[in-house]
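Step one of this worksheet: look at the structure below.
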């Protein structure tokens, strides 16, 4: 009895499969007739999940770029269209998305989503098709592949893990430190940062007195801060994700610390919601950044206008993304802008020629002048070291003005001198 | 009658600080109809759990048909020839009645038989229980008496030497009780030894060759039904005086 | 002396963290432990309450704990609705708990999406006088510092737990709830409607999400998906404590809190989950019903 | 004779169809999407052997998959083992893990077992997080071999000298073969003594034990088998992803889907998980590239709620009722 029914079911199942695949392919037919329409730039982006905060911000910046380039006549005289899918911050979805972009949507160019572990699964697809691949905030994604058409916008220099924190270690030299404690989140970006920091610390001859990782669901950070304090380090380097960054800053406020410099690779302290939430607790933290509203940032041409337009856009369109947009907006704009500039300069869709052009050209962008080395990373590190100071309350407005995040390094845009952590508390 | 089939030798079982069985010893003879009575919580179900292997006794020995049972898992005891029913029927509720019976046939009484042989055997038992026409019915819609009969049929399907019937008649009407008694007596006459736990005194007394009574984990009386009814200890245990 | 100071501080921090964990788990201890509803969405509903707290704090400047008290009735009502639906579709037809599991997974996703659409994906924090400060004490030569935010969380959690424990032990309703857990038949013979009892008990369990959410945003920054991180923890705590035992839940929460804090202090935080869940596995291997569990291993 | 092996012949036909599909050079997207769906067919089927037939809810699917993935990564890092060996080793290790957890938790029933498996997955993830040889929390990139060979036969070659012209097509075929194999295993279990014994355990373990079913042994076989198949599905994963970090390999999504798919399809027959995985997997794959927002998650949530409320015995059960 059951067997007969199962047989019937099987027929039904096969029929269902056929129907669904027909529907599936039918929905893609219109996508196949591309070629002469607009130029399509395709990418996956984290619009939900853990990295969605950054992903949504990046997407808005890219939309601004699209409007800009279209206003100027587009790419190769054709209008530019963005084709993107939500990868849900799950690397598993990425290979399929890029295959869809390239094979079904027939996009002309692909750029990466936000974050190292979402770039990594797209690399082999790009390499397989031999297309130019622009990366957004990837940490050393090209290390194993050595793919010559990969270019990455995170300004951490030719050896990213080390270059990311080299300026920070430069900034702490004035304290003449001898010992260092390091803590990192158990996640790829943070762990890479910490490894780079260990290299820099060793170069400076610092003694490592504490070196541990914490899991993402840590709820209370006071035990960690106490354990670090017990080792009495001069320097406390932290490579953390947003939850941990906020948790550690609070624990520092509660337990205190005698380390002279604290911070380094704390992701999330640049986000509007977290800055406003932590307020004065941030004072004294010495952290990395990429863009802050200090007057010297004028060497990034057009960046402050871009930020203003983004902030307007968030307000008028009622977007639920980061209200300030300092962290990602200029960089997400720049990585597609460089692609646009290169394509227009080469004058045709020829990935070999475009890659060659990007390699040999110095681009002027909203993040200043950019040059790429052989591995597709910046030829120099331009990570900014900032120190939080003079924060009085939890008002978001103060972070949009100069003064709360003074630039310590690089020298050419410096707006303040680094002070011991406790001097600013 | 004949030789000892089941020997229970100073069996003890404790749960934490509570002693459920203390030093219970008795014997069940081959082919006997053996009654087990006692008030609620006296340790009846614990004792048969220890015999059937769902619980392991802490002290003492249980010997069945030459096998020492202590430490043996329940399914192996079933293979040596003990099966039981449950006080609250536990049918395999996602299966048909037929499939319920096939389990003990396949796993115990006819291991290695073909599906057809197994089905035939199960059907045969259903027929003797008068349930053949319900073979392909799910267990969900069964009445109380049908559930009880299924419980018995499934135990009998394992072809046991010893069947332990745990309150197979609770909640049944007078005629239904007689129906179940008839079935049990029929299988006993075919050589099956039966231990019956029952609250319905009429049924135990009518059925048993010999009866034991437990109270608070101790064996307080043993004998033929007529003696047991008159026993003072039993009376006290039941009336609580 | 350093070691002793670290140890004492770690133990105190662990107890306080345990209080926070208890607040997250106590509602589940009722819904899951007493009523057998595998409410996987519990932590996510706590996050929803945390976002409500954020809103009340941000817009009206309400103290988070006060906000938590105010939204508790809302979650009580949500609990009534959820249980009514759950009963209608599952319990009434005595469906297996497995199907309920899928139902609550669905509920988890739906709640998360609503949060994303209403509040966005950014991290949120609240401010109150007791956040970011700590109470310093000296015990002889040992300095102890206790963060107020954890102290508040601990105090509220302790009140919640004791209150619920007393309510379940002393009131007729509480005893009826325990009876529902053990024997539905007996209860209906007494003329009490077991479904009504269960509905209200479930709603009480879910009502605790209100306060727990307030505590959550006091203790950690929140975002819509943060609830998923705590699914393992809260279920581990309820099971470790023994299903149906409120005090067991509290003890288990303390054990996990202390384990996490001590391991973080002395061995490095990245091993904390392995230790916490290792404890759970170990306890289950030797005591299949948890620490204070009674009777059957369902 | 043919009638008796109808199912096996069907399997071979489907496999041949999968092979033809790799030679037809469709849009490569379909191989990616197909791979993801087939992987879920395998995972759901493996889960159902223990969960559907035996009634033991494994909440730690991610643990078994993750172990499979990391065994494969370990082999790649250690000595560039061929993919087939990666899969076999992953299956063996995950199978042993299944045996271990089965033995370790043999006294646990229902929710206790589910929570124990969840705890196991978390412990395993923590260990991998702290184990730098396989990349630790930082994750690891895998470079697939340019021209993989097996027993001297060139498998993948871009110029067309191998059997497949692209490694994704090869992986798709391998995944199809594994998925079909696991469905065959599940069906064999279901129709054999093992399946009937497991069913009895699901309905009432004590009664089953008293009816002569060796419950412990059957449970151990089921946990081992189920774990091994999940491990194999994990073993192929690193080659498909080329980048694996612990959150990906131990993703909660696996636990959700492995439970939801059989339930939506129907847990009592091998067809249920297949139907559930194909349906839910396809919906998810389409949703990713069409709706592409938080509404994705909403659809999954709503689908779950609707299916478990409207079709309590799954789609297969629903259809069988209609036909009665």
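By written order: A, B, C and D. Residues from 1 in each chain.
One rule holds for everything that comes next: contacts are C-beta pairs under 8 Å (C-beta built on N, C-alpha and C of every residue); 3 or more make two chains touch, one makes a residue touch a chain.
Note that the structure is predicted; figures quoted are calculated from it, not measured.
Engineer: Can you give the shortest number of steps from chain B to chain C, where adjacent chains in the path must touch?
Structural biologist: Minimum step count, chain B to chain C: 2.
Engineer: Work out the mean Cα position per chain and let me know which chain is farthest from chain A.
Structural biologist: The most distant chain relative to chain A turns out to be B.
Engineer: If you average the CA atoms of chain C and of chain D, how many Å lie between those two points?
Structural biologist: One centre to the other, that is 32 Å.
Engineer: If you average the CA atoms of chain A and of chain B, how far apart do the two points sit, in angstrom?
Structural biologist: 71
Engineer: State, to the nearest whole Å, the distance from the C-alpha centre of chain B to the C-alpha centre of chain D.
Structural biologist: Result: the chain centres lie 43 Å from each other.
Engineer: When you check chain C against every other chain, which residues touch at least two of them?
Structural biologist: Correct list: 116, 270, 273.
Engineer: Two-or-more-chain contact residues of chain D, please, as numbers and ranges.
Structural biologist: Residues 126, 129-130, 137, 294, 297 of chain D touch two or more partner chains.
Engineer: With touch defined as at the top, which chains are paired up in contact here?
Structural biologist: A-C, A-D, B-D, C-D
Engineer: Going by the contact rule at the top, pick out the chain C residues touching chain D in the complex.
Structural biologist: 32, 38, 89-90, 93, 95-103, 105-110, 112-113, 116-117, 228, 231-232, 235-236, 239, 243, 270-271, 273-274, 277-278, 280-281, 284-285, 288-290, 297-298
Engineer: For chain D, which residues are in contact with chain C within the complex?
Structural biologist: Residue positions touching the partner: 51, 55, 57, 104-105, 107-112, 115-116, 118-120, 122-123, 125-127, 129-130, 137, 252, 256, 259-260, 263-264, 267, 294-295, 297-298, 300-305, 307-309, 312.
Engineer: Which part of chain B faces chain D closely enough to touch in the complex?
Structural biologist: 52-54, 73-76, 78-79, 83-84, 86, 90-95, 99, 102-104, 106-108, 154-155, 158
Engineer: Taking the complex as given, what residues does chain A use to touch chain D?
Structural biologist: By the definition above, chain A touches chain D via 2, 5-6, 8-10, 12-13, 16-17, 20, 24, 27-28, 47-48, 84-88, 90-93, 95-97, 99-100, 102-104, 116-117, 120-121, 123-124, 128, 141, 143-145, 185-188, 190-192, 195, 213, 215.
Engineer: Give the list of chain A residues in touch with chain C in this complex.
Structural biologist: 48-50, 52-53, 56, 186, 212-220, 222-224, 226-227, 230, 242-243, 246-247, 250-251, 253-256, 268, 271-274, 276-279, 281, 320-322, 394
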